[in-house]
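The same subunit A turns up in both complexes below, where it pairs with subunit B and then with subunit C.
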Partner chain A sequence: MGSMFLYLVLSGLTNGSLYALLALGLVIIYKATTVVNFAHGEVFMMGGFFAYTFYVLLGLAYPASLLLAVALSLLLGMVTERLAYRPLIKASAISMVLASVGFSFVLRGVARVTWGGKGDFIPFPPIFSYDPIVLGSLLITPQQLIILSGALMCMGVFAAFFRWTKLGKMMQATAENQRAAALVGIRVERVFAIIWGVGACVGALAGVLMAPVTLLYPDIGATLLVKAFASAVLGGFGNLPGAALGGLSMGVIENLAGGYLHTSLVDISAFLVIMLVLVVRPTGFFGAKAVRKV
Partner chain B sequence: VQLGSRLAILLGLIIGLALVPWLLNPYLVFVTNLAFIYAILALGLNLLLGYTGQFAFANAAFFGIGAYAAGLLQVKLGISFCLALPGAALLTAAIGVVVGLPALRLSGMYLALVTLAFAQFTQWVMIHWDSFTFGAGGFKSPAPSFGPLPLGTEQGMYYLSLVAAVALTILTWNITRSRIGRAFVAIRDSEVAAQALAIDLAAYKTMAFALSAFYAGMAGALYSAVLRFVAPEGFDLFQMVLHFSMVVVGGLASIAGSILGAALILALQEALRMVKGIQEILFGGLLMVAIVFLPDGLFSFLRSLLSAWGEPLHRPTGATRALWGKMHDDPP
Partner chain C sequence: MQTVRRWIHLSIVAFLMGLLGLVGPALAGQTVGVTEDGITIGSFGALTGPYYLFGKLIMNGAEAVYHEVNKQGGIHGRRLVFIREDDRCDAATAIAAAKKLIYQHEVFMIHGGGCSNPAIAAREEIERANVPWVVFAAVADPITMPVAPYIWSTALTASTESRAQVDFAKAHGAKRLAIIAQHDAWGNARYKPLMEKLKEEGITPVADEEIGVDANDATTQVLRIRQANADAVLLIVYPKATAVFMRDAHKVGYKPIYVGQTALSDLPALQQQVGIAGALDNFFSISQVGFSPEDSRMGRWRALGEELFPGDRLSVYNLFGIASAQVVVEVLKRAGRELTRERFKEEMDKLQNLNTGVYPGLITCTPTDHQCNKVPAWIKLEAGKVVYLAADR
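This part shows the complex of A and B:
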């Protein structure tokens, strides 16, 4: 019982760290632009497929494939900004979200045409084939450790980036108040483009880390996006540490619910979390109280 | 005179459509029949999205619930189609009220997220509740018979869909010109201002959700009887993108636009019977292009071509943005 609990928590944390990364990308973009990017799940999926192309199809080394995949996703994020966000900056927010929904399906279609049809699940070979580590009665696969440490490292890097670099501070300023940021000489449009790029990078990183544990398929983005939404909502949308914590708790919640209550709950706990949290406490559990402005 | 010429155009159109089963081949009759169903869907979504400004992902799920309800009422409970059809529509409307409840507290993107979760959940239930919904493979829905009328199933369904589409178009027209429709538009443009005008937000938002769910449920019930087959595949998020494309390409907050958009999307889908990936690229791209380059939809062309077309253009304004809480723009 004890070891099962530990196992569920640990693998929950592993999945949760990926949800956290994905949620971070969503929240970075949301904070700066107040747009929820419904194409974010597809960026994650594309990240995985890019890595697959470089690593498996072209036979490059894993670190090189990772870097190339993330660089391509940066580009993809900036393209999203140019196509779906900037032309609509003066239009209603509904138009913007609709455009991102449209774009998500374009990406999904591109992936389906390029890498395989519906139901074609592409296996991604494991990167390291070490034996599982045995800790007492607990079995840990190296891939889990890589995901967990990789995700935590990314979060650390991004926290440092936002806190200490000039670009990070410019992004924070833009998110805080666009007009004031423009007044002190920040090029708001350029910062937006970079923010979309950075958001996509984080999403793609999650995709590259995830690919070896799950299979790749064009619809994986939609599944993971809902989990990322659940994480962001748990943390109070617009709160970066909240999104990270929300992601980790989401992973643990779904694993425990699946392990102790019913296996089907792994699939649907994200939906239930979103519906419950938003109806009961829309500001999330780690977020500050939002003030409704008129 | 203007009203007269518009009525003449519409009556001519309806009479022309009524003759279709005698003039065209069975395939085209089937496609026209689907066009009526899509038009009902677009009208319902436009009431919620275009007029009331509530952005929800639930329409495709409601469509599916209507289809499953109609099919399962007949297959599991042995209820006849003439009762299953209104039953399915009413049941979907009731679920619409429940889904709309969070909308009373949430707006903008939170509503979008809740309804997205609801849509995915519905899809999951259709696939995994095997014992009740027949699982991922779907099930056959019985062919409705039109008893004493001298009509086969195909013809009967055609006329039934035509009557439903015309009736719901007239209903939408009347709603949008009534106190209710004006309340919807007021809520869309500014909830605060609407409240200040003594518009009961809770009542009208619930009504908008119930109405659009009723339309989608009716469309779903008709769809299940036309296809005589119900499977979860057809009610996923891609279906939702089709619905969004219909109202955006046709024209948000426009009745003629809804019908135009529905016909166009269906025509594209049927003319280019392509693999799923290409369809996703095409309709996703169409949605983006229409939003960026044609924000008023095809309807704006119709309006400039036919001066007699007097449908008031309830255009969504920039004020819709206020709904979404532009939180970081201005200092408090």
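This part shows the complex of A and C:
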């Protein structure tokens, strides 16, 4: 019983760390632009396919494939901003949402054409053996360790970037108040492009880390986006540490619900979390209450 | 006066000719979709999207058979024209596809239906039009039960397979059975008869777990089934989620008997997706066909497939289409040159013990039973090759 609990928690944290990375990408773009990027799941999917191209098709080492896939995703994020967001910067929110939904279909189509995905589920070879390491009554696979440590490291780098780098501070300033940022000389449009790029990087990193433990297919992003969205809501939409904690919690919640209540809850727990948070605590873990000054 | 009379005669002749033009085809006994030199057969199934295996690949197999028939001069001098419509495994699209085949392409018959839910949805439209429909892959029993006069299935049906899964597990000594199922229309079509069979046998499953079609992790399902100490796991799951489940089961070293069904009959592809040597050691599955695509007896179809669809390896799904199309061809032959839908129905209804050389058993239809295929074959992987279990053939 104890070992099952530990395994469920550990596995939940592993999955949750991926949701957290995806949620971080979603939140950073939302925070700066107030746009929920519905193509974010597809960016995650493209990250996985980029890594597949470098690692499997071109035979590069996994670390090199990871870096190249993330770099390409940075570019993809900036292109998304240029093509789908910037032309509509002054348009209504609904136009932006529709543009991001449209772009998600474009990316899925590109994946189908490029990787021959007529619906195939493409296996990504394991980086390490699937054989678990046994620590007392606890089992953990090397791949889980890589995902967990990679994701936590990325979150740390992300936090440091925002806290200590000039670009990170410029991004925060732009996110807080675009007009004030422009007044102090920040080139807001360029910062937006970088924000979309960084958001895509984080999403793609999740895709690259997850690829060896799942199967790649062009529609994978849609499923994961729901979980990332639930994670962001749980953490308090717009709050970066909240997104990270929300993701980790989401992974553990769905595993424990599935493990101890019923497995039918695994797939719907993301929706249940969204509903519960909106009803019980709309601000999530760390979201600030909207205060209207009169 | 003479001019008036001539005009009257001309008008009568014109009227009679017009009448003949209208009723001519009927008088000549012409059937929709059948011309002097051709028979149009329509097909619907997933040509695109994640379920193209159950549409496009099966249609490729059927087309290979029709192509070969045409090379040999057709059936009673008529070439077979095969028209495909994409339903993307979607119910609404399948209804539209069936309507298009019936009313726009005016097909003689339909040979298709890859996914259960769309096939169930399309049944009403096809039944209303009295167009003969031979189902090649969709398994849900409501497609063929209750019996519709013009609808038959050459695929194994869900109830046949579910019952066979239980029998197989029992025959291999399993006493504690667990179920892992996806609860969509396809899954439920199998789950219900499985539960009925278990009830008949007086067996209560020790675990009854659910998994999503798009699952990327199956830790919870594996742990619950392992905790229930099941010695056989019956899988009502598509290949992708099965691959994830088998990976996770291997990780925790859980090795009961795994009993699959026809959706999991491409074992080499499943092994590739699982990606772990030995993870399918205890995995058995039903195959709708009696031979693996690599079998030397399938060489003729392999060659034909390569000729028609260069670059595609012959898959088990192609064989579904090849086997089913042979039934259609045989019945069209027996229906004779004076082909009508009624003649086709008569011949289908009295089809007895037809050996396609691809299905593991013989095909038999009766006026009261249109589920014409009842014999599953059991397969497993040994050293990367599909092996048929002799006792079950």
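A few comments on the model shown:
In the analysis below, the second predicted complex is superposed on the first by the 283 of 294 C-alpha atoms of A that agree within 3 Å, B and C clash if a C-alpha of one lies under 4 Å from a C-alpha of the other, contacts with A are read in each partner's own complex, and residues count from 1 in each chain.
We adopt the following convention: a residue touches a chain if its C-beta (ideal position, glycine included) is under 8 Å from a C-beta of that chain, and two chains touch if they have at least 3 such contacts.
Keep in mind the model is a prediction, meaning the values are calculated, not measured.
Aligning the two structures on subunit A places subunit B and subunit C in clashing positions. Set side by side, subunit B and subunit C differ in how many residues of subunit A they touch, and the one touching more is B. In the superposition on chain A, A:Pro282 makes contact with subunit B only, not with subunit C. Once the two complexes are laid over each other on the shared chain, residue contacts for A:Leu88 go to subunit B alone; subunit C is not touched. Once the two complexes are laid over each other on the shared chain, residue contacts for A:Lys166 go to neither subunit B nor subunit C. Contact with subunit B, but none with subunit C, is seen for A:Leu98 once the two complexes are overlaid on the shared chain.
Contacts of A:Lys31 after superposition: subunit B is touched, whereas subunit C is not reached. In the superposition on chain A, A:Ser264 makes contact with both subunit B and subunit C.
In the superposition on chain A, subunit A positions 118, 264, 267 are in contact with subunit B in one complex as well as with subunit C in the other. Contact residues of subunit B toward subunit A in the complex are 49, 53, 55, 101-102, 105-106, 108-110, 112-114, 116-118, 120-121, 124, 128, 192, 237-238, 240-241, 244-245, 248, 275-288, 291-292, 295, 316-318, 320-321, 323-332. For subunit C in complex with subunit A, the residues that touch the partner chain are 46, 48-53, 56, 183, 209-212, 214-217, 219-221, 223-224, 227, 239-240, 243-244, 247, 250-253, 272-276. Within the complex, the subunit A residues that touch subunit C are 4, 7-8, 11, 15, 118-119, 121, 123, 125-126, 130-132, 139, 141, 210, 213-215, 217, 219-220, 223-224, 254-255, 258-259, 262-264, 266-267.
Contacts from subunit A toward subunit B in the complex involve residues 31-32, 34, 36, 83-84, 87-88, 90-95, 97-99, 101-113, 117-118, 175-180, 218, 222, 226, 229-230, 233, 237-238, 264, 267-268, 270-272, 274-275, 278-279, 282, 290, 292-294.
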